[in-house]
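Note that the chains are named A, B, C and D in the order they appear, and that numbering of residues resets to 1 at the start of each chain.
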Amino acid sequence: MIYFDSDYMAGAHPEVLQRLVDTNLEHTVGYGCDHYTENATRLIREACGAPHAQVFLLVGGTQTNATIIDGLLARHEGVLAPESAHINVHEAGAIEATGHKVLTLPQHQGKVWAEEVEHYINEFYRDETFLHMVAPGMLYISFPTEYGTIYTLNELEALSQVCHDAQIPLYIDGARLGYGLAADECDVTLKDIARLADVFYIGGTKMGAMMGEAVVVTNPTLLKNMTPLMKQHGALLAKGRLLGLQFEALFTDDLYMRIGRYAVDLAMELKEEFTTRGYETVVDSPTNQQFFRLPNDLIDRLRQHASFELWGPQGETHSIVRFVTSWTTTYNDINHLLDLI
Amino acid sequence: MIYFDSDYMAGAHPEVLQRLVDTNLEHTVGYGCDHYTENATRLIREACGAPHAQVFLLVGGTQTNATIIDGLLARHEGVLAPESAHINVHEAGAIEATGHKVLTLPQHQGKVWAEEVEHYINEFYRDETFLHMVAPGMLYISFPTEYGTIYTLNELEALSQVCHDAQIPLYIDGARLGYGLAADECDVTLKDIARLADVFYIGGTKMGAMMGEAVVVTNPTLLKNMTPLMKQHGALLAKGRLLGLQFEALFTDDLYMRIGRYAVDLAMELKEEFTTRGYETVVDSPTNQQFFRLPNDLIDRLRQHASFELWGPQGETHSIVRFVTSWTTTYNDINHLLDLI
Amino acid sequence: MIYFDSDYMAGAHPEVLQRLVDTNLEHTVGYGCDHYTENATRLIREACGAPHAQVFLLVGGTQTNATIIDGLLARHEGVLAPESAHINVHEAGAIEATGHKVLTLPQHQGKVWAEEVEHYINEFYRDETFLHMVAPGMLYISFPTEYGTIYTLNELEALSQVCHDAQIPLYIDGARLGYGLAADECDVTLKDIARLADVFYIGGTKMGAMMGEAVVVTNPTLLKNMTPLMKQHGALLAKGRLLGLQFEALFTDDLYMRIGRYAVDLAMELKEEFTTRGYETVVDSPTNQQFFRLPNDLIDRLRQHASFELWGPQGETHSIVRFVTSWTTTYNDINHLLDLI
Amino acid sequence: MIYFDSDYMAGAHPEVLQRLVDTNLEHTVGYGCDHYTENATRLIREACGAPHAQVFLLVGGTQTNATIIDGLLARHEGVLAPESAHINVHEAGAIEATGHKVLTLPQHQGKVWAEEVEHYINEFYRDETFLHMVAPGMLYISFPTEYGTIYTLNELEALSQVCHDAQIPLYIDGARLGYGLAADECDVTLKDIARLADVFYIGGTKMGAMMGEAVVVTNPTLLKNMTPLMKQHGALLAKGRLLGLQFEALFTDDLYMRIGRYAVDLAMELKEEFTTRGYETVVDSPTNQQFFRLPNDLIDRLRQHASFELWGPQGETHSIVRFVTSWTTTYNDINHLLDLI
């Protein structure tokens, strides 16, 4: 069986695992106060070109989103997000469980447009009625989006400007950040992300770590009490050094971006071959998630040898499927899959 | 340096780590639907003598307490707990953050007494005023307690009976469960715990796992929607099999109890030698945490070679310290420490 | 100045006020345990044909919605509601503040369609993904809707059936219930509402009371702990008898429906005259709220003599306005307004 | 029957009621934007000597406490309060329902001591452990306390100083404020309260209003978004002018303090006569609540003619009872009661 279900199906990238094995018997203090976490922080700051940024290591994506959004918003505020946002659809109401509404914007292949954000905010404050409504207190986007698409630098700068003008923070969910930055067409760098977002996270779970997400806070006036906030949200790992070690490995010898580029290269190969053979992509994704519209009988045949996600029927004869590559995918896997179509 | 700070200072027990390494490159489905988690569930049920119990694997202790307590309580209810309870003191308000009050009972070396629980409940419903107060909706205890003490079987049965009579669930926080069950004086078995508690958790983080706590639900009418509840609480690990694998290892060849017994043996050695030499224990703990009242100059001398927690001054010349043993502690460490006193 | 802004601009209907004045110096116990509240409960049960229903008197609409929805939902559930629902738009996030998501359905002149509710629920449980999403735990509708429209008996029965089949409660927000029941085209009675909804509320604030909303719970298995729940939500009025007295007055000599019919009659007069003179209604509302599309210069002229709400521009030359009638509106007011157009 | 149960058993003081009757048919805008509320705000500011204070009118005490405390605290903070505080005991967990812990301090006849508050805060920040605990984010006290006692000016100044030094706001629950200010031994004025508290509320419900509590915010950096916060908490009354009118009446011709002084005079009469006849007070309360230790047979006899609260048994033969006076109590009531003892 070959696996294209997701990028969190295996354990840790060998270089990450080795780091955990090598240090296993050492004693360090808990809760992220250890020197590995300190070192990971240093490496992430350097990679981000943000020497004064705060870095916090949490365990998982939903947990990170809930903790950060809860920390950024005032009680009466909600979070603006595209309708397709992970926080709006697939986090079991974790944001609302902290007391905050997700305020939805139209999504365009998973992205929001700066002018629509601006329009929303302007309309909101148009008259006194707003006092009875949920104030937009921050903007959430993801890079790449749920559909694997990425923002251009221009688009990100416009969103950042709109947020800045409205005095609300811009938060970027980077669960698959490396796959976005590694895309051929990507004109955004990690330093741009750090410059334009007030807070963002560098996803580890889907990029070669066992688990772990690195939150980077570049706006120093926000999130002043992260340790108790993380504890309260069940996001403060006792053996915090396990997260430190993994991010240390990911940010050593460019491993994070190597993983990103490798998976994206395979995904592009897949995309080209599928489209060459006449199968349509549903979204033009430049990253490690590829969405195709395939005939149901082909899908049935593929499923005997390959495992991947079915996103639902399209008409009577076709369905949408998702193929995801990662550091575990091999060229053999790709060739094997292509042989089947 | 020798380490007695806590039982979560190193990585994973070698047998646990090996299991993670051996399976690292396999692909499994996420979120705990994999066969390793299924197998861990089977092993835990067997060890508990509870073939129909539900088992859920979460990441950390505070997260587990918040998720379970939030799931068990109705909106207007609170959780009864000893004043010294971890949920009352050291979880940064995680329980209150889910909307529930911690209702405190007097603690006796970390334990609550059945008659005091019963009295609280009876007094509460004495007159109509209770409608303006927070109803006791469950009882939280820990085994062992914050001070390393353990309940006798009689005490546990009495607490279970009181809860049963009041129709509220009994929940046991077993962050260090194995150290309690391994105590010489312990007349409680894991099967007793499973029989007497409605819900409890078997701590992994402090018992040889990298991370992970196994929640066991023996009362089938409670907690019917754990998956979305865990997701909402940021407690559903993407690579859930990592938890499954670790508990599989811990419940293979009796590893969990081997770790418990080993650490307790060392702790008893420590206790005996300290008391023999005239140093008082503060609490008579039969488990892996030992609390001594030591002269400050001795403490200063010890700290040059050993690392341990200072719990605060007692008078002008003495302080209370805590020594914790674990699977990483060696007899050499113990002897080294004893040589210093 | 003549007033058409809303139905909560004056004090209490004279018959309601008189009841408060007459009883002002009496002493009664607090928190709704008095005999006036008991009597109001009896009268409401009779009017609803629901002798075993529970009745609870709360102070305001948003408070009532938040209390009831919080009480009905399990932690992982959300509330289905039309996109235009008051709870979704104009309650400042009160529902989310209790930890629950508002799951929106398309609105058709403020109403939801039974087949769309059914479709949503079926799609939701289509595959295992639902465990990562917010489960629809109840349906919220309002009668009349935000746009003054009302459900037919057939529509309500279909919605009730869908909820029953899905085993989720149907909750009806009746902030303006009397204006809906009094509509000429209404084929629904208060007894139908009580038969088809699991929980609903009879609005007082907008129907002649100073304040107060009467929640009726006809499904006895729901909302078993309303007193502490109300207290927790700040919804338990100390001088609870003030609410009891007002609902006693409203349900004596058919006052509630008299107020409804009177206001609706005036609204119909208004509607007919406006449409006769060529002004379009935006929604065909049979109740006390009327929405017209008027030329901006007419609006400017009217505003010199009348006060009403502007709902926003429609094109360059027109805007939408709302006129609301109530027990305080007189035929003189209507004639005066009509003279101006 | 003569009534000493509480100060919220009757309707409104005649001068308050008259104001509501006189204005009943007027039309005003809703939600507290009317000119009566504006006028009440002006009168309250004057009485407080705080021309720039913000004033907000809410409906009830528990609601007010939950709204204010939720607005003042950051997510990871809790509220310091005496163990006997209303928010800790008799608000059904309304504070915890907003996500915040009540951090209890020892109570001394209902009061907290400045040095104990200071000690708590100092101990809290003693070492790094505090990051795992709930930070004290504000201090809640009541004036008078649950036991009718009052703080001296010195005590209040010390508490205010401690809060100021710790940079946390001081919030005073003034549900019965007027009865405290009217006490013979009281050396605190309303202006002192306004000067020393960051936020406090002037209770209306128990001081002659039908309902209503006036929140005064003297620290302009706090509570910047009260309208949506109140709405979210179900505390924004639609017919807000009803609260404005009542506070306008209470702050006209010194009515608020007249009510306070009248009730306190009667309470002092009661106290003197009871103590003269050898019955002990349990607390030396200078305000409108009096607590006596009475023989059970006397209590039984009194209950045939008078209604009052039983606070629980004291030994086998005695019990504690509470007598409360208000604007509805008459000298005849007092004499009648005294005739019975």
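Here is the rule we go by: a residue touches a chain if its C-beta (ideal position, glycine included) is under 8 Å from a C-beta of that chain, and two chains touch if they have at least 3 such contacts.
A quick note: this is a predicted structure, and the numbers were derived from the prediction, not measured.
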Quiz item: If you walk from chain to touching chain, how few steps can bring you from chain B to chain D?
Solution: 1
Self-check item: Furthest chain, CA centroid comparison against chain B
Solution: C
Practice problem: Return the distance between the CA-based centres of chain A and chain C, expressed in whole Å. | Solution: 42
Quiz prompt | CA centroid of chain A to CA centroid of chain B, Å | solution = 34
Quiz item: In whole angstrom, how far does the Cα centroid of chain B sit from the Cα centroid of chain C?
Solution: 50
Quiz item: Considering chain B alone, which of its residues make contact with at least two other chains?
Solution: 75-76, 91-93, 97-99, 131-134, 228-229, 231-232, 236
Exercise. Using the touch definition up top, name the residues of chain A that touch chain B in the complex.
Key: 1, 3, 5-6, 8-12, 14, 17, 20-21, 23-30, 59-64, 66-67, 91-94, 97-98, 205-206, 210-211, 228-229, 231-239, 242, 307, 328
Quiz prompt | Touch list for chain D against partner chain B, complex | solution = 75-76, 78, 89-93, 96-102, 129, 131-134
Quiz prompt | Residue ranges of chain B touching chain C (in the complex, touch as defined) | solution = 31, 70-71, 74-76, 99, 131-135, 225, 227-229, 231-232, 236
